[in-house]
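The chains carry the letters A, B, C, D, E and F, assigned in the order they are written, with residues numbered from 1 in each.
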C-alpha cells in the first residue's frame, strides 16, 4: 500500500501493487537471528526435507515483515501500525521466491480530529501469482492539516 | 507459549509466561535492514523526537517477530504457523524495553487425523507489565502418533 | 535525489532534500562486518578517543552508502549507478548523528536512444545542517518510452 | 593498498594487489539492509532478470565498501579517508564473483607538519581480471614522528 | 546438552543429542562480519578452491558458536560458561552441512554452596554422522535452592 | 598472533599484542543471532541485572571469536585452526569493554613435510589490562616452500 498522503486522500476500493522482493536463504538466516526463531523448519535442511514442505521455508513473520517493508510510507503521513486481522498463512514461501503485496482499501474510519484509520485488505503473492498470505491491516494516518504541520 | 507436545497434550485455559528479551537499538536497526522498513519513526532520532512517541520505537512487526522467537517449539511438534487474529499494537516498545509473552490456550480444533489447531491468546508485556501487543495466534501442531513417527 | 521518472522529466537546477536517517553504533558495527573494514577509528573506543575525532566515527563509505539508500528510486527508472566525482569527506559523522541528502541536478546528458545521464551535486548534511560529504554523482536513467516498456 | 607506514614511506608508482573476496548473495542482502537501498536490481530476481544484466547485481557502493575493507591499514597510520575522484562503475559484479583491488600510488602531497595525502589509482577487478570499478582515492596519513607518538 | 535443572539433577554418563542446524553461506558471511575474521579460506571462493578443502569452509569458531546455540539452557540454571578443554577441529564444515551436538556428562564438581561444574564431552557431528569437532566443555550451574530463589 | 610466514619463521617465546576492538551491544545482539544463543544473561537486561554480573555480558564464544578476528593471517600461511586447550573464561566482558589479544608462542611441532603446528598461549585482556580469557590455541601453518607455491 502507499501511505503517502493525509487520511482525506484515500478512497475505499483503491488498489496498489507493490514492487517485488526475493526471499533469499540469507533473509531466512538473518530473520532467525533477529527474531530468535530457529525452529528447524527454517534452519535445518535435513529436518525440513522430511516435512510436508520438503525444504526449508521462510518464517511467516518474515514474509509479513518484508511485506510491510514493501509499503510506501511518506514521513509525516503514517502515525502508527494499528493492528492486524484475519491473517492466514496460505502457502509456504520458499527460498528464492519473490513476493509482492496486492492491496485494496476496505474501510476508512475517523479517529478524532487528528487521525484516521485506513483498513486495507492485503494479499501477499509470489512470482506465480499464488497467494501466500491473506490479511487485513489497519494503519493510523494523519488527517489533513496535521501532515503539513509536522513536515 | 510452549509447543512441545502433540495436540492431545494441550488444555484450554493452560497458561505460560515466556522468558524475556530486551529490544535494543541494534535490534531495530537490524529489523529495518531485514524487513526493508526504514520508516523514520524507527530510524531517525530527530523525526521521532517530534512525534507523539518522543523517540524512536520498535517496529510492530519486530515486537511480534521476537515474540514468536520466545515461543518454545520442539522439533516435530509444530507443523506450521496458521494465522493471526485481532492483533492490536497497544503501546509502543521503546529502546531497552524488555518484552515477555503471556499466553493462554483459548481453543483446540482437530484438523483431520494428523493435525490440530492450537488457538492462543497472547499478551506481549513489557518490564512494567504493561500490555504492548494483544493478539490471538493459531498454530498447527501434530497429533499423537505423528510426532513420534517423525522424530 | 528522486529518480522516479524517465530522463526527459529532469531539469537542471531541480532540488530535493531526502528524509533523514540516524547513524547508530549498530550501523557502524554492521558496516564493519559487511565491508570488512575494522580500522580501529571505527571499532575501538580506546583508540578513537586518542585521535583528533575523540571518539569512534562512521566509515566514510557507510555515510555514502546510507546516502544512496536515501534516494527515492522507482523500479524501471534507474538503469545503473554510473559514477562519482569530487567526493570529499568534509566532517566526521559521529554515533547518533542524523544525515540528510541535499541534491541539485547539475547536468543532463543523453546516452544514446534508451538512456540518459543525470548528474547531481549532493551535500550530505547532519542534524546541525553541517556538510559532512560533498560529492557529484552520475546516475544512468531510462529515456521515455523505455520505462513504460519495462514496467 | 597497504597503508601501513608514515607518509614518508610511500613512493609514486608503488603498486599493490589485495587479497580477494567473493561477493555472495548474503553480502548483497546485508548491504541492502545496512544502506537501505532495496532497489529491485539488487533484491528482486524477477525484476533483475528483465534488465540488461539478466540477474541481480551487487550495489556499486557494496563493491566500493568491500574494496576499502581489502585495504591493509595499520593503526596509527591512517588519519582519515579524504576523498574519491573519477569513480566509474565499469562492469557489474554478480553473485559469486570474487574481487581484488589493484592499486598504484599516483601522487603524494604534504598537508602541514603532521599529515600527508596519498593519492592512489585503484582498479577493482574480478576473477577474470576484468575491471569492474576504476577510481582514484585520497587517504590522509600520519607523517613520520606522529605515528610513533600515537602508538 | 540440556542445562535445564540445578546441579543436583545431573548424572555422569547422561547423554543428549541436540536438534540440528544447517550452516549456510549466509552464516559464514555473517560470522566473518561479527568476528572480523575474513581469512580467504572462508570468504574467497577462488582461494579456497586451491586449498586442500577445495571450497570455502565454516570458521571453526562459527561451528563452536552454533553448537553452544544448540544447547538448551533454562534461565536461572546456567551461571556462566566456565571453560573448554581438548578441542580439536577434526573435519571441515562445508556450506549446507547440518550439524548436531552429541553430549555426554563426564564429571560433576561442586564449587561451593551455590554452584557446581558440569563437565561435558561433546562431539559435533554432521549429517553423515562424521565428527567435525571433539571437545570438552565446562559449564557452571546453580545448585538446588538457588535456582528457585532467582527465578 | 601474527600468522604471516611459513612455519620455519616462528620462535618459541615470540610475543605479539593485537590491536583492540570494543565489544558493543550490537555485537552481542548480532552474535546471539548468528550463534542462536539467546540465553537471557546476554539478551535480557532485567534478568542480567539480578545475576552476579549485574548487567548483560558478552557470550564467551563472542569474545573468543573476536579474538581470532584480531589475529593477523596472511593468505597462504594458515592451513587450518587445529584446536584449543585449557580455555578459561576468567572475567566477564561487558558492553563497551575493549579487548586485546596478548600472544606468546609456546611450542612448535612439525606435522609432516608440508605443515607445522604453532602452539600459542593467549591472554585476552580488557582496557584495564585484566585477563578475561586465558587459552592455548594450535594453528596449522604451511612449511617453507609450500607457501610460495600456493601464493
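Following the convention adopted for this analysis, a residue touches a chain if its C-beta (ideal position, glycine included) is under 8 Å from a C-beta of that chain, and two chains touch if they have at least 3 such contacts.
Here the structure is a predicted model, which means the values were calculated and not measured.
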Via touching chains, chain A connects to chain F in a minimum step count of 1
Neighbour overlap between chain A and chain C returns B, D, E, F
Note, CA centroid farthest from chain C's centroid sits on chain E
For the copies chain B and chain C, the interface residues, called same if over half of the numbers are used by both and different if under half, are different
Among A-B, D-E or A-F, the pair whose interface repeats that of C-F, with over half of its contact pairs matching by residue number, is D-E
Expressed in whole Å, how far the mean CA point of chain A lies from that of chain E is 36
Distance between the CA centroids of chain E and chain F (whole Å) is 16
Here the gap between chain B and chain D, centre to centre from mean Cα coordinates and rounded to Å, is 42
Expected list for chain E, residues touching two or more other chains, is 19, 21, 24-27, 29-30, 33-34, 36, 38, 40, 43-44, 47, 69, 75
Listed in rising order, chain C residues that touch chain E in their complex are 30, 32-34, 36, 38, 43
Interface with chain F, chain C side, in the complex: residues 24-26, 29-30, 33, 38, 40, 43-47, 56
The chain C residues in contact with chain B across the complex are 19-22, 24-27, 29-30, 69, 96, 98, 127
Within their complex, chain A touches chain B through residues 21, 27, 30-31, 33-37, 39-41, 44, 47, 50-52, 59-62, 64-66, 68-71, 73, 75, 78-89, 92, 135, 150
